[in-house]
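Naming follows writing order (A, B, C, D and E), and every chain is counted from residue 1.
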Amino acid sequence: MNNDTLIPYIGVVTDIRQDTPDVKTFRVVSPEGGKVFEHMPGQCAMLSIPGVGEAMFSITSSPTNREFMEFSIKKCGCLTTWLHAMDVGQQITIRGPYGNAFPVETELKGKDLLFIAGGIGLAPLRSVINYVRDNRSNYGDVQVIYGSRSKDDLVDYQEIIDEWMNDDGIEVNLTIDNPQEGWDGHVGFVPNYVKELDPSINKTVLICGPPIMIKFTLAGLKELGFKETQVYTTMELRMKCGVGKCGRCNIGNKYVCKDGPVFRFDQLGELPDEY
Amino acid sequence: MQEAMINKAKQLLADGVVDRVIGWKRGEFAYDITPAVFTSAEELDESFVYDDFTAANVSKYLVKESRKDGKVLAFLKPCDTYSFNQLVKEHRVVRENVYIVGIPGGPKLDAEKIKAKGITGILSVKNENYTLKIETVYGEESMPFYEAVLDKCASCKSKKHVIYDELMGEEGDVLDSNRFDMVEKLENMTAQERYDFWREQLSKCIRCNACRNVCPACTCEKCVFDNPDSGIENKAPADSFEENMFHIIRAFHVAGRCTDCGECSRVCPQNIPLHLLNRKFIKDINAFYGEYQAGEDAVSRAPLNEYKQNDCEANIVHERGVE
Amino acid sequence: MLKISLDKLDKLFEAISATKTLYIPTDREDGAAEYRKYESGMKLSSALNTVRSAKDFFFPQTENLVDFKMDGKNIEVIDVREESEDFVIFGVRACDARSFTILDKVFLAEPVDSYYKNRRDHGTVVAMACTRPAETCFCGTFGIDAAAPEGDAACYSDGESLFIEAHNEKGQQFIDSIASLLKDGDTSKLEEVRAKTREILKKLPLAKLTTDNFGGDKLNEYFNSDKWGELSESCLGCGTCTFVCPTCQCYDIKDFNTGHGIKRFRCWDSCMYSDFTKMAHGNPRLTQLERFRQRFMHKLVYFPANNNGEFGCVGCGRCLAKCPISMNIVKVMKALEVK
Amino acid sequence: MQVNENKEFQPLIVAFCCNWCSYAGADLAGTNRLNYPDNIKIIRVPCSCRVNPMFILRAFQRGADGVILCGCHPGDCHYTSGNYFTRRRMTLLFSMLDFLGIERDRTRVEWVSAAEGAKFAATMNEFTEAVKKLGPNRRLEDLRCRKQ
Amino acid sequence: MQRIGVFVCHCGTNIAATVDVKAVAEALGREPGVIVSQDYQYMCSESGQNLVKNAIKEHKLTGVVVCSCSPRMHENTFRNAAASAGLNPYLVEIANIREQCSWIHKDIASATEKAIILGKAAVAKVHLNAPLTAGESPVVKRALVIGGGIAGIQTALDIAEAGFDVDIVEKKPTIGGKMAQIDKTFPTLDCAACILTPKMVEASQNEHITIHSYSEVADVKGFVGNFTVTIKKKARFVDETKCTGCGLCTEKCPMKKVPNEFNMGFDNRSAIYIPFAQAVPKVATIDPNNCMMMKTGKCGVCSKVCSAGAIDYKQEDRLIEQQYGAIVVATGFEPIKLDKYDEFAYNQCPDVVTSLELERLMNAAGPNGGTLLRPSDKTHPHKIVFVQCVGSRCDDSKGKPYCSKICCMYTAKHAMLIREKYPDTEVYVFYIDVRTPGKNFDEFYRRAVEQYNVHYIKGMVGKVTPRSDGKIDVQASDLLANEQLHIDADMVVLAAAIEPDKTARPLATMLTTQMDTNDFFTEAHPKLRPVESATAGIFLSGACQGPKDIPETVAQASAAAAKAIVLLVKNSITCNPCVAHSDELMCNGCSSCEKVCPYGAITYIDKEFKMPDRTIAVRRVASVNPAVCQGCGACTVACPSGAMDLNGFSNSQIIAEVDAICK
């Protein structure tokens, strides 16, 4: 019988990084070494501890990473609590990749890119950012606006300051919600910071973060003159079985597992307000 | 009766006594009647119905309806008043937001029983002197009224309204019902026969939850079977969960609270006689702890929430009846 | 057409079950019909249809997907799939026969569901034309001819004989396997019977119901209709309609800890249930109105939007007969319809 | 499952014991070295009234062959009345199980005080024998949980 | 996922001899979430505890399972160890592999397997343990002593001396109890009244002590540190505050034919009476069953003669309610009824008496002014037979299975006193064994035999038959001489077994304390906590816990007082955090839980909620008072929705244990 996508592979957790107090990044490889499967930026994988639960997470590492996949996971439910407590060497099950990807090889190619992320929302975008960094010549200007509650809640802070900020082709703008000792960067909410920075309206925007942030940022972008067709987001939280058959991930006639999770805002606008 | 009820409802709406009316709405066919809320005389005239098929117990809807603003008129049949009273006792309805008009009850008809006679393509059903005249696409059929009566009505326990603000028609009495006959019959079988009977019945269960969701005693904010933290959450019929857990626990949860309204069996798409489980508990409670009818009043203690020092020991079960 | 005398049905069933597992609708003790594995002496039900639909054969209410064994930090994945045995479902009505093509569109679309496909590959659907449709039938609304059912093969009764014809290769193989019992027969009386059936179909109370005003293009119009509140207010939120429905195919995947391993199973889910869309982060459909709306929007709008206009309902009428509060797709269509 | 030399059926029995009387009674049985079969596995609960019928059904679902519930003697409940409620609940539950055709000897309620170590041991011996006679629980088990 | 440590104790060889502890540790080490699994010789020892503490720190454990003896033994030890290592103490679970495994099984293979299963159940449970924090509840600085015998008096005096208020509730009109009826005490032969009455007076005069005589405990509510007790002060028809105890009324009372309980019915008292001269309080009491005024309304003599105007025929029972922090039970004992012992002719022959009756017959304040005379004809007895173990050490249903402990010694005392005072009287003692463990006890007994020539005969009396000539025929067997004896006795004295006071059982129910099968109160631990009941805040003093002589009673009384004082000096006590709690989102407000709560710990509040369907609703929900809840869990089963759960014994925890045992 053919392999069925509902039957997962085994992944081994080879590295666990505490990013923020409630976010850890897990490095996963197959028991034989190497990646469990290939993916494109924005795609997701279903991770599970049998008996505990199964949940969809975006793959935060870039496809250009040939050795492993990474997942940045916030502790919020039963499964994630379990994942946060485990040690290196633990096996998990993994199936995927699921969903569409950010159109890095088509619509985004050659474009100036603006990434806007809030909190754990950086996780799905990190894959794209690193993909773009590794294929730098295919894209125009790259700007990242990333905000979090505090300095300690910035996911992948080390990578951002060590690599992204040292990368000539990327402009990184960080912000935190409230002033904090040891922070001399910008303070303020992401939507306001975006308006302050007043990015060029030629840019294509990839946004991910808490719904409230997205709502206000989108409004701000529109004020600045951005069109909905320029803005992409991902709705991987709404994914369920991953294969578009279980019938629970639909928003109107669109199935997030199959037609998403990456949507352009003009596409979302056509759907009923049920997300 | 229907006319009188519509008039009563219109009048109470017009007088401002109530803001809404909960009753039954006409369907596509003679028998597919849906409980509904009416807010105007026009709606009442258009589709309010009370006839031989309006069997649904609307008291459970009052859990929600009575918490809304304004007052709702509920037409309750005698059996429905027991359910409502029990809900009052358990603080599940806001009594003062409900205006109850007691109406005469059944016996109500069961469309399935008509269909079971091979009568199909039903266009209309008329009761002429307790003979049903049934018009179908295949011609006219007829059958005795009492052969189409719902099981729950055939073993009616009471024609008395135990709670109401106003009564339409004559008040009835508590009946000397034969409702425990089937329970007794099962009790007299051997354990193997009982086991076979219940396996056959309960294995039909598709866990659609209709029994639970219609049950006026099952008004939990969150059912244990839906709650992953309860330890017994379960969604689908998996192995023998329904036979071994679901129906037993459900019956136990309503033990001493079930008013024997019979809705569980009425709505079961697989015709499982679920009411027998509840009646078994009622019969046992009566035998062990004295006669008790849930819903009869709104103050007495439920039998499982009280005790006597000289209650029988659990081994009474081992000592009596058929092994 | 090939035929066999109705009084030789036993022989026919014996012959089929000699080589393959055979399921036929048969009457239960309580009078209702259900599919059961054929055993000698079992009689074909005279009822119009079974309480549960025939979808169970391909999409069972619960099925084991995969097993896991946990040992310290290690996990072992055990593929529990087995090649299905060959089986025949006999006596499938036109509505249910159509439902399989609807299920196919979901489960056989990429990525193919191997569990479903396995059973679909091994199952032969032998449909049976209706002669006494009920008032709840409205298969015609969805372009189904109850007198000419689909399926791998179809049977028709003229009151004396059962006529059998194949619709495809699998059906032909089925007929070949029982060829010795069949002989050519005159279909003139059968045509009369079918014509009469079609006459009755036209006279059914729901015969005039059409899907003309439904479809993928009506999304926002119907989604935002103000009728949903009234329609859903008495809905109990049970799963009866979805579980008796031949086309409802939503499922949930859960783990069961047996104490010595984990069984991951798939079970039917119902959009009417409050936890249907529940996620760790919340639930986008918090009210019964939204859940109720999902079911009918799915069948009447979303499904056609994604499947070239085909509707997700076959008009079998089960939900009309079984809904505890008699709310159903017909009432919804009539209430919702904007011409 | 336990393997005995003569391959006699070894039932799995769950005993719910209240902390104040029966669990102490079981301890006393231990202190006095009063043997009872290792088929008995005790779960400590504060009071017999803590035992939800669903625990009992769960044990059967998972393959227990017998369930016994032990509490303080009526009138002696550490919490005054807990065992009286237990008595009503279990009487009705057992009656229901009997009604469903489940072997009635698989379930039992026994009152064992903290001083009755000997009674505890005797009860457990006797109950184990009774369950042994019934053979494995086949009517309430979940096949998925059956040991391969 | 949890990080669990498993610690398997050998308990020397107590566990390790029957359970392969290494195999247990190894098997449990493979359970999910178990990070470390070790075994050790004595886990409860300091080094054993250090092992646990170090592992908690080193492995950042989130849960600990100790496979050892009963949790009733060392649960607190390991909880404290965990707490000192920074782990919440309620994240510790004990698997009882000693009392419930190694001690009852012989086969190593099966005992090991069972130990592993019990360990797995504990691991499964600890996975779901939540850290609990104990609340505090204030302590009422007042103690109640139930029973005013020597035990109660001593306890009250000690507590009062520590500076706490203490109330004595005594059901009789006076305190003093059985000791007041005793003539002399062994082995010193000093006068009981002489040493008791000063203590009675001391108690009555102590400013911290309130004596509720002629009173009973009617109801007990609450819990340790905060009991609410209803005391029924029975109507004595005499105003205690006015009565001076002059005794004029008792002299003038025309009704003088009431059998005097204090003298075991050997003489009479009046209907209004003071039990004995040194009674405390020295207040008269009207016995309404015999008072002419009460029965017929005609008389009123006492009222007329009472210059203090203390008589009040209309007095009614009065209920008073009082708060206490601690309760000491000192309900004492009484001799068993001898109705079932026809062979000893107790009911047929007045000259067959019990030992307690003999005390009164010999007492200077007794019916004969201290001269020992036969009750039947008031003659001097010349031959007295003592029968030991009447109803004690019985294996039939007539008597008690236990040894009453004091009979051997008081019989030696009686024999000696009689021989001393009436050297012409022959004394026979029939015994099974003579038990004299105690300071100077055996010497005392030997004096009786050697110095006073008491005839000790090992053997049982078979039949006692009163003869028409006034003599009593005692048939007995001498087991040592192996011969049948017939003794023509003048008196027979039966050493009746003692049993707990009849009021003890209903009291135990009110107090929610345990009793053993003989209705003696059960101590929290037979060796280590002998004066505490298993119910917190309830202490045991004297013979209510088991047969005792006076010095033992007094010792235990002081010990109970000390335990009560330990409680009363605290301003607050830590509550048991294993209490019920209601998930408000799931609660139906149906009141089922409230109905089954024995403590009234559940109330209902109307609270505004954001409902799942986005509406705002005011819902009635249950709320548990954690200081009042005792954690029985009755509510958790009564609750249909499962909203009510119990900390430490949650539904999911118990189900996890069930699953682990059944897997």
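Rule of thumb we're sticking to: a contact is a pair of C-beta atoms (placed from the backbone, for glycine too) under 8 Å apart; a residue touches a chain by one contact, two chains touch by 3 or more.
What you are looking at is a predicted structure, and each value in this text was computed from that prediction instead of being measured.
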item	value
Chains touching both subunit B and subunit D	C, E
Chains touching both subunit B and subunit E, listed by label	C, D
Identity of the most central chain, Cα criterion	D
Among all chain pairs, the one with the most C-beta contacts	D-E
Most distant chain from subunit E, judged by the mean position of its C-alpha atoms	C
Distance from subunit B to subunit A - Cα centre to Cα centre, in angstrom	52
Distance from subunit E to subunit C - Cα centre to Cα centre, in angstrom	72
For subunit B paired with subunit C, centre-to-centre distance based on mean C-alpha positions, whole Å	30
Per-residue multi-chain contacts in subunit C, two or more chains	70, 252, 256-260, 269, 274
Multi-chain contact sites of subunit A, meaning residues that touch two or more partners	none
Where subunit D touches two or more other chains, by residue	53-54, 58, 62-63, 75, 81, 85, 89, 144-145
Subunit B residues touching subunit E - in the complex, by the definition given at the top	67, 90-92, 219-224, 227, 229-232, 253-254, 257, 301-302, 304-306
Touching residues (chain side subunit C, partner subunit E) in the complex	70-72, 257-260, 274, 283, 286-288
Interface residues, subunit B side, partner subunit D - complex	183, 186-187, 191-199, 224, 231-232, 238-241, 244-245, 248-249, 251-252, 255, 277, 280-281, 284-285, 288-289, 303-305, 307-309, 311-318, 321, 323
Touching residues on subunit A, where the partner in the complex is subunit C	1-10, 50-55, 76-80, 87, 89-93, 237-238, 240-241, 243-248, 250-253, 271-272, 274-275
Subunit D partner contacts - residues on subunit C that touch it in the complex	256, 258-260, 263
